[in-house]
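Note that the chains take the letters A, B and C in the order they are written out, and that residue 1 is the start of every chain.
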Amino acid sequence: MDFSAISPVSLIVSLMIASTPILLAAIGELVVEKSGVLNLGVEGMMIFGAISGFIAAVTSGSPLIGFIGGAAGGALLSVLFIILTQYLMANQVASGLGLTMMGLGLSALLGYSYAGIKPPASAHLDIAGLSDLPVVGPILFSHDIMIYFSIALVAGVWYFLNRTKAGLILRAVGENHDAAHALGYKVIRVRLLAILFGGACAGLGGAYLSLIRVPQWTEGMTTGAGWIALAIVVFGSWKPWRVLIGAYLFGGVTILQLNLQAVGVNIGAAYLSMTPYIITIIVLVVMSADKKRASINAPAMLGRLFHASK
Amino acid sequence: MTPLLRISGLTKAYPGVVANDNVSFDIQPGEVHALLGENGAGKSTLVKAIYGLVHPDSGSMELNGSDYTPKEPRQARAAGVAMVFQHFSLFEALTVGENIALGMENAPETKALSARIRTVSENYGLPLDPDRLVGDLSAGERQRVEIVRCLLQDPKLLVMDEPTSVLTPQEVETLFHTLRKLRDEGTSILYISHKLDEIRQICDHATILRLGKVVGTCTPSEETPKSMAEMMVGTTLTAPKKTAFNPGPVLLEVHNLWLESSDPFGTSLKDVNFSLHAGEVLGIGGVAGNGQDELLLALSGEELVEHDAVHFKGEAMGDKGPNHRRVRGLQTAPEERLGHAAAPDMSLTENALLTAFEREKLTSNGFIQWDATRNFARAIVEKFDVRTPSVNNAAKSLSGGNLQKFVIGREIMQNPDVLVVNQPTWGVDASAAADIRQALLELAAKGAAVLVISQDLDELMEISDTFAVLSEGTLSKVRSAQGVTIEEIGLLMGGTEVSHAPA
Amino acid sequence: MLRLEARPNPSKPMQALTPILAVLATMVAGGILFLLLGKNPFEAIRMLFWDPVLGEYAFYYRGQILIKAAPLIMIALGLSFGFRANIWNIGAEGQFIMGAICGGAVGLAFYPMEAFWIFPLMIIVGTLGGMLWALIPAFLKNRFNANEILVSLMLVYVAENFLAAMVTGPLRSPVGMNFPVSRSFNDYPAANNPELITGSGLHWGVVTALFLVIVAYVALTRHIGGFQVRVAGQSSRAAKFAGINPKLMVAICLGLSGALAGMAGIFEVTGPAGNLSTHLPLGYGFTAIIVAFLGRLHPVGVLMAGLLLAITIVGGDIVQTSLQVPKASIQVFQGMLLFFLLGFEILINFRVRLTIKGAA
């Protein structure tokens, strides 16, 4: 066993890469939940984004078009959820589960002939001087563009929710949809846009998996990342920056256990593979334990049906 | 003079009910106009039409002489119509400032808005802190948020739907002061209420609605409450018969009851003490949100408290659940009918089973006797005149009054020794309310003890033998209901014991 | 325009009709899917629904249908109670695996002893294993308020990895040439769940599943416990008012569904699967969610939905091999079924009204 094979710098770099898909999906789901909707279909939208992004990138040869394709794919799948929950008033939990099953099935169907292909490589930031600095260079200045984008997205969502009128309306809809309706706000339209955004973010996260993190297409490749994103939203108490911290902590655990497996620590690989999921459970438990705080931070209408009949 | 708002022939029908039937009336500039009517008379529908939330089937409205057909509240606000809702349209987890910004078309940025909120609210004697969370405010303060939100838009017409139902008598005075000031500045106010005294105090003109139709107009200052009530109700009401009160043995004793509210915006109970005798009707008054729900939960057993805090017929059962208490004869009927006292989508038969299965022995070895249960439900429906096609109908298909009769009837039919009810006639039409009060009095006359929690002081004065007030989770001393004045009650509601109050 | 209007009473006919409408809509949409894949839609639909039951080789497929339906029905029965009470156990797949591991380990521990009590003991231990695995999310929800959906799902991945650890470690077959599999239960009579009538597909699991349908039906419609589950699903406040302890309800619903999933797991591993391996999880735990909803959370409905889904699984294999379509198309097909069902459910509580626009 040789722990010196684990270099802290490359560990941090790979941590960021491992965290980004979950971060993207989680920040999208945060916006959805803030509007009072619980979309449990993140896993499905993510994997559908992974394959649609992959196909778009391979066919066009451009990773950028790939990411656009991934976002479009995730948003497209979320339309099904919108129809069911916003117009046909179906149960959100069941619809979200259905979305996950549908996403897994559709992606496997579409990806049938794409297994084993390499996607086009994504460009990395390369600033002469800065990117070559020791330690700081690889950690801050030489990632692929999507990592910077994901952090910018977190900042953008934070600004939107806390500093804009539209963000205030979205939070109001999530807090009390009847009151928002009485004030004349379009509850369904706000939620529709939020769900589409959540779908696009999840799709983007999926495309990051298939285009950069892995990078190739394999069936069921998200292995629960979408569900973990859901847990990260709870961990972050519905606050964008805390979601970022949560995603990076989670990425750290994943990378650490992979590195431990690689250097052959004397625990079975299968046990090490469990750790991300066990850590997720522990995190959920810790963050939910204070009932009062949890119920103040959570949007009050989360998962409730809205029908403007009266 | 051109009326500010003219309503002509407005009609709105819902499946099975015509909410507004050819309604016409005018509101003049600078007047306080009352819209008077019972629950279900169509006041809310009319108001929603004025505010653009409901689109009338036919009829027209004119604002300042020009056509006014608001498609949505946004357009109503733009035209100068503002509304204070009966059930506040506020967001508990957002701040006062954010709540106000949401109700404005072009809200200024945060700092400027906060400054304006402070100025306007102080101008009208309604002080507010823009940075506080609405969830932490009292009901009276929440209403201020709604009013200030309206005032910031310089409305020409301010619509107020039952504004005093959540206020203490003193707060009502403050509100009236503000409304008079507004009227004197030229703002018209449409004031919806069924409280005749208030309307006589504040309104210049009144339009009276019954079953969706305008049945009369009047100048309230020239009418007596009785004459207006007759226009409103259409029939003469029989007041419940109050028999003399001979206190029997103590049935329920509550001693040092503390309960931390499980609702983050609820009110915790602090050291509540009282005892309830056979034959007694104890009325507990107070403004909503002062611990009423928590008190009911502690007595029903839904929230467990210290073992010794609740003694029922000599047995300490503070830490025992609802069914333990029910079997022994301590029954409760909470305020929320649908979703608390009754399961909305379940039939009346199933809802009868909900609380009665043990005391009425509707199960054997855990297996449900559906025939017996159906008979029990039918007996409730018959005895309490519940209007429903059959006991197989879902609870949510009943009107508020009928469901309330069923829910209270279900508890009374089980012959409780103590019955605790919260807001027994809230949102119930007048004849059903009279029936319910009569049933409670009859129960007490038979030797049971009844605890009525209500925000309707008139109701409490009518039926109570003894009286106390809940304020911020603390219960005042229980006193005889004879000779209590509204002023004393008002001070108690504000949290002051009468003996300490300044003269 | 179309307008939705709330019904005062839930429509009884629609409750029975919606699953049928959903199946029909899925056949149409599924047909289009096969058309897009370049296959004859009528042929594909016939292979999916007709051939397994009444086709030329149905004598073989019918047994397969029972084998697939038994675990689906067993798991879905448990899930449907929880779903009714708004307790969302979506980790039945993990409980299925843990039931198989726990029960299987007991059998392997007694190898090669022959005794009549070994098989029943394995069933009991497997059931308990699934139950305990499901009580983890129940405990964490009751004690720490942790969301049972996420916890139960995370435990699926933990269980899958645990299974991998077991079959590459302590439970690996000494005669399996180092493959990650356990000893075969089919070769160990005391621990075997055999086909009771050759060629029928009938094994002890099928018998138990049918028996459980009856028990669940009685519990739901005649017993106060089932009544309380239904109340809990309608309104948590009404349930508390009715004296139902919400924490106990969580523990019972999760424990019960976990027990049934675990039982399905041990019947599967001792019978149709034959041994513990990483190929054991076939997704029954997830498909059972569809079965529960399609059966409208009612035991008799679950029985019929379980049979129907089993037919599509068997039929799916036929379509896959004879038309060369990817296995995933059947997954999509099942997803559609759930979607249509959830969509059509609106007809139970709402009426669709056609109104002429502009009347207002």
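As a working rule, contacts are C-beta pairs under 8 Å (C-beta built on N, C-alpha and C of every residue); 3 or more make two chains touch, one makes a residue touch a chain.
Since we're looking at a predicted model, the values are computed, not measured.
Student: Chain contact graph: line, ring, star, complete or other?
Tutor: complete
Student: Work out the mean Cα position per chain and let me know which chain is farthest from subunit A.
Tutor: Between subunit A and the rest, the longest centre separation is with B.
Student: If you average the CA atoms of subunit A and of subunit C, how many Å lie between those two points?
Tutor: 28
Student: So how far apart, in whole Å, are subunit A and subunit B when each is placed at the average of its C-alpha atoms?
Tutor: Taking the average C-alpha coordinate of subunit A and of subunit B, the gap between them is 45 Å.
Student: Where the centres are mean C-alpha positions, what is the separation of subunit B from subunit C, in Å?
Tutor: That gives a centre separation of 47 Å.
Student: Indicate the residues of subunit C shared as contacts by at least two other chains.
Tutor: 5
Student: Any chance you could list the residues of subunit A touching two or more other chains?
Tutor: 291 - these are the residues of subunit A that touch more than one other chain.
Student: Quick one: in the complex, what on subunit B touches subunit A?
Tutor: 52-53, 72-74, 77, 85, 88-94, 98, 101-103, 107, 262, 264
Student: For subunit A, which residues count as touching subunit C in their complex?
Tutor: The touching residues are 40, 80, 83-84, 88-91, 93-95, 97-98, 101-102, 104-109, 112, 219, 223-224, 227-228, 230-231, 234, 268, 270-271, 273-274, 277-278, 280-281, 284-286, 288-289, 291, 294, 307, 309.
Student: Across the complex, what residues on subunit C touch subunit B?
Tutor: Listed in rising order, the residues are 5, 8-10, 222-225, 227, 230-231, 234-235, 237-238, 240-243, 245, 359-360.
Student: Name, in rising order, each residue of subunit B that touches subunit C in their complex.
Tutor: Counting only subunit B, the residues touching subunit C are 15, 55-57, 300-302, 321-324, 326, 332, 334, 336, 339-346, 350, 353-355, 357, 363, 366-368, 393-394, 396-397.
Student: Of all residues in subunit C, which touch subunit A in the complex?
Tutor: Subunit C reaches subunit A through residues 4-6, 83, 88, 90, 140, 144-147, 149-151, 153-155, 157-158, 161-162, 164-165, 168-169, 286, 289-290, 293, 326-336, 338-339, 342-343, 345-346, 349-350.
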